[in-house]
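Chain naming follows the written order as A, B, C and D, and within any one chain the residues start at number 1.
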Amino acid sequence: MMIPAATPNFGPAAEPMGVPLGAYLLLSAALFSIGLFGVLSRRNAIALFLSIELMLNSANLAFLSFGRALGNLNGQVSVFFVIAVAAAEAAVGLAIMVTVFRTKETINVDKLDILRW
Amino acid sequence: MELALFIVCAAVAILFALVVVTHPDPVRSVLALVVTFFALAILYVQLAAPLIAALQIIVYAGAILVLFLFVIMLLNAGPEKDTGDRSRLRTIISLLTAAGLGGMIAARAWLNQSTGIEGADNPSSLAAEGSVHAVARVLFDRYLFAFELVSIVLLAALVGALVLTKKEPA
Amino acid sequence: MTPATGTPVQTVLLLWIPLLPLISAVLVGLLALTPLSKNKKLSTWLALAGPGLSLLVTARVVWDFTQQFRSSSPEPLRMWLSWWIINAGELHVDARLIVDPLSAVMISVVTGIGFLIHLYSTSYMHEEDGSAYARYFSYLNLFMFSMLVLVLGDSLPLMFVGWEGVGLCSYLLIGFYYKKDYAHAAGKKAFVVNRIGDFGFLLGMFLLWQSYPTFEIRYLVTQIAAQPEKLLQLHHPFGLFHITTATAAALLLFLGACGKSAQIPLYVWLPDAMAGPTPVSALIHAATMVTAGVYMVARLNVVYRLSPVAMTVVATVGCLTALVAATIALCQTDIKKVLAYSTVSQLGYMFLGCGAGAFVWGIFHVFTHAFFKACLFLGSGSVIHAMGGEQDIEKMGGLRKHLPITFATFGVSTLAIAGVPGLSGFFSKDAILGSTLASGHTFLFGIAIVTAGLTAFYMFRLTLRTFAGEFRGTSDQEHHLHESPWTMTLPLVVLALGAAGAGWIKPKFERFLAPILVEIHGHPAVEAAEHGSAHRIALVLSILSAAIGIGIAWAFYTGKRAGENPEKLSRSFPGVYAALLARYRIDELYDRIAVTPVRNSARLLWKWIDTLVIDGLVNAGAFLVELTGDLARFLTTGRVRDYAFLIALGALVLAVWTLGVAP
Amino acid sequence: MTTFDLTIGAIKAAIIVGVLQGCVPILVWVERRGSALIQDRLGPNRVGPFGLLQPMADALKFIFKEDIIPSSADKFLYVLAPVMTLLPALTTFCVIPWGPGIDVTFRGVAHHVSFQVADVDIGVLVILALVATGVYGIVVAGWSSNNKYSMMGGLRSSAQIISYELAMGLAIIGVILPVASLRLPAVVEYQRHHLWFVFTQPVGFLTFLIAGFAETNRLPFDMPEADSELVAGYHTEYSSMKFALFFMAEYANMVTSSALAVTLYFGGWSVPFVEASGIPGAILGIGAFAFKVAFFLWLFVWVRWTLPRYRYDQLMRLGWKVLVPLAALNLLWSSTATLMGWI
């Protein structure tokens, strides 16, 4: 018997986007700057990392919206890679953080400034 | 309909993003980020990228952020205590920088969106086959080498994390 | 012509002629670095393998070539080493090896005599310790390689590579006993003087390329033959004088030739070059390398023929060199020095021949001279060997009894160089003299005749002082006297035979070389000289002068009162004698006018320009960097966030900029 | 989509929630009676026949208990945590097909009603995603109640779930490969025409099952609440309805993962060698589905009361050094087989 056609199909919508590309880009820009602000203003290393993740995601959003607008899949593939790399980055970064905490008893990045003149 | 969805998700995303960067308690930041990611995931679906949306949840929300929580608990790193050296000036400067850069990017976006759309080769080509198949085809065909490289990167990260956190055998 | 199309086996063999010596050079050279070189047998075999095989290959190639030459129209063998091409802009240099009559003669001489001298060296250098022994042979093989490249190269650059290569090897070998000051001083002198010549060579090369954009000699020849006018256009440098391109190029190239072939004014290095081991003097500074200049002039005879001025210059310089060197040779007492000056003088003859338009005879003289001069040097080597390193002929004498073979061969070669009829020297020298007269250089002819006499005289003086009369050395030297082993005498004999007989192939030789050296709108002199009256006159006069020279020498240096007459003579002309003894103080002159000023200016540059200006600048730069570092380090606060902030700032600037430039 | 579809969807969602909630008391009873059976004692038998009404009593007890919020707790998160736990447990079910579906004509328009809330192209991924987010509730509970036992529980569960997701995902890929679609109905459909995957990929099934136990924090993997080590793990501080929510979440999870196991490896609602369509087909399918799920639920109970608890390090070793390699092996087999067309 035929497999029933999927009712609320999450697949790609054939019709052109109802939301202008610019809107997506603006959102991505906003997220990016928020993340940047976090990176610049937070002292807690973990918060720093979170902000970076946020920035990465804004980039992903931009990728996807461009890909959608141009109607090809390169955007999605790039995002795929970004996510993979982000995972690696988080793993290593957190590992570093744990080791740092073991030695210096803090994750306040302003306290970790022995690498100066 | 689509627009409404977009507006809601965007609002949620931005709101919780702000929470992420401002809330002193890292745990809450993480949770807020989870919410942001969910909102973004919905937008991804809207952008005809269900696979990426799923990955977003599985990998980001499901693995990376859980890892963050894990570390936070491991280090028992409570709310950021006000250690005195927080300068309002610094906050303002970073705010300005961030806003400026964001504004630049936004301006660029507006300037470019027309040209961005022009390059559109038929968007329906995505709809032709289930997007997972389509992505897979591109991923394992054109980007195969990059794919393999990424696998190496992940392996390296794995080993690196192990080595870093391994306690010295006393 | 690629190897593929150049089907005949010789074409492929061609590559091996230079390659084999190179291989053994490398092998022996590596051996010299290892303790393995303790075992001299190994080095010996390796060292002899290269030249020996190369000799065989050469024999094969030349033989086939002459056959094919006799039968059909002469088509030179070319091998295109496709794996080595300079290709920059308009400049295309295919590295081709070529065997035409000219290079055929040269490679025969080089490999033949080269091999003999290798053989000779095996016993001559036997006292050296293993490593030095290996080193010596490595150099010698390297020299053969370079020389072969020089003569086989079909393009000027390739020729130049060989040219420089032989220069290097001669430097290395002159300075072989580098622990002795005079040795490495001589080496340096040779190198520097040669550089001056090379400079001329390069300029001439470029000048030619300017008017005919090719470095391939054969294209050059054909193109010049096709449109000589290009070379004949007048230049008017600095409004001083008029000169044709041909003349300029020819003279510049001749400067190079002067450097390599030790002509006035650049001959001074050759006598000093005797600091090297005697076989080296024989091979490099008598038989092969020094003839490279002559070869080059002959190779490019087309250019020279186009410029009578250059021809005259060449002839004159050659002639004067012959005379001066001969006169200096008169009263040298160092056996090798005498031979050295005689070499210079003989080279002068060759250039005289070329200058007179008889390139054939120039090359022919190269050919014959190679035999007897190599023989003479090797003989002197054998003598020195026997005398335990003694080189002063005043301490010798009467060696006839002890070294019969050496004496015989030495004598034959002396007769040959003195131009005694029937021996090789006679034919070539006579031919040169004849064509000189025929080409109308009467004055030069006169000088040449005189020089011939002088040559006969000093050569006999040398021979008689060395072999005749009573032994004048110390007694233990006399004890030590002995004939050399066969490895040394065999080459002597072979070369002596060559010195005796090589002259008889004269007509064949001419016909063989004709297509290259005569054919192209041949110099009238050559044909005329063939049976003109000029030759008869030359014949008579040269024999006469030779006889006179020999006679005087005989009168002076034989019998009871040997050596007294020269005393009288020298006392009666003290100034002349002093001048000759001091070699006209040429070296001192050069030292005064060239070396000292250069050294002083160099010191000036060093003390002021270098230490003050340049070092000052460098240090200033370093200081600046340090300063900026000192300032910039305050940016490295060690805080991640500050770095992040800087990055963001940079990104912001970039964003603004892009927005500005590309809206 | 039309209002009809909307209403149908709503109805289906309601059914799901209802059924899941309804299962909980039954499961509680089964668990307690089953444990009694296994431990050779009577178990609850006072309230109602065979103690059938015992769960009701429990529910009442939960409702009337005092609702304590520790003073030092992070109130907001403390309250949020139970919800965060229950939500994914319920939602996961909505991509699982529990029947063949029927054709109905409504106002002259023919509709196909599938017995599944949302047939998503990426069903399997959705499941993985929701399972992944399920951990937050526990972690947050552990963190917010500000108690070291709770926190240990949270820590453990986060690590445990991340680790076992890996094995689970790999095992599931093994199933996806031959089907060549991420839609669960497709998986079921495939198994209707081929052997069930439990037969073709026993190793994969085993891995999946064990990982499922770990994901639902059931014995022998109930590290987060190991009552003998951490008093009651992440829900030590919880009481009354909040605790009840955790309780329900656990059982809902059990149901969901049993359903998933059935769908992926036991042919879902399909009955071998029986072809029926329309209403009877639907009834048959749903019946079969329910039966299989029931079996798995019993398996859960059975295992819980039979096997002892693992030590934490053993758990990790099992996850990383045994299950992941096994799953990878299975993946290798499955891909080869698919390529060769053996399965």
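The rule is short, and it goes like this: a residue touches a chain if its C-beta (ideal position, glycine included) is under 8 Å from a C-beta of that chain, and two chains touch if they have at least 3 such contacts.
Since the model is a prediction, treat every value here as computed from it, not as a measurement.
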*Which of the two pairs, B-C or A-C, is linked by more C-beta contacts?*
A-C
*Going by C-alpha centroids, which chain is farthest from chain D? Tell me that one.*
C
*chain A and chain D: spacing of chain centres that average the CA atoms, whole Å*: 30
*Approximately how many whole Å separate the CA-defined centres of chain C and chain D?*
97
*asked:* From the mean C-alpha coordinate of chain A to that of chain C, what's the distance rounded to whole Å?
replied: 76
*Send over the residues of chain D in touch with two or more other chains.*
120-122
*Taking each residue of chain B in turn, which ones touch at least two of the other chains?*
50-51, 55, 63, 67, 72, 74, 93-94, 97-98, 101, 105, 130-131
*Tell me, which residues of chain C touch at least two other chains?*
645, 648
*Touching chain C in the complex: which residues of chain A?*
36, 39-41, 43, 48, 109-110, 112-117
*Complex contacts: residues of chain A adjacent to chain B*: 10-14, 16-38, 40-44, 46-47, 49-51, 53-54, 57, 60-61, 64-77, 79-81, 83-92, 94-99, 101, 107-108, 110
*Which residues, counting only chain B, touch chain D once they are in their complex?*
27-28, 31, 34, 50-51, 54-55, 57-58, 61-63, 66-67, 69-70, 72-74, 76, 130-132
*Flag every residue of chain B that touches chain C in the complex, lowest number first.*
93-94, 97-98, 100-101, 104-105, 107-108, 111
*Residues of chain C touching chain A in their complex?*
633-634, 636-641, 644-645, 648
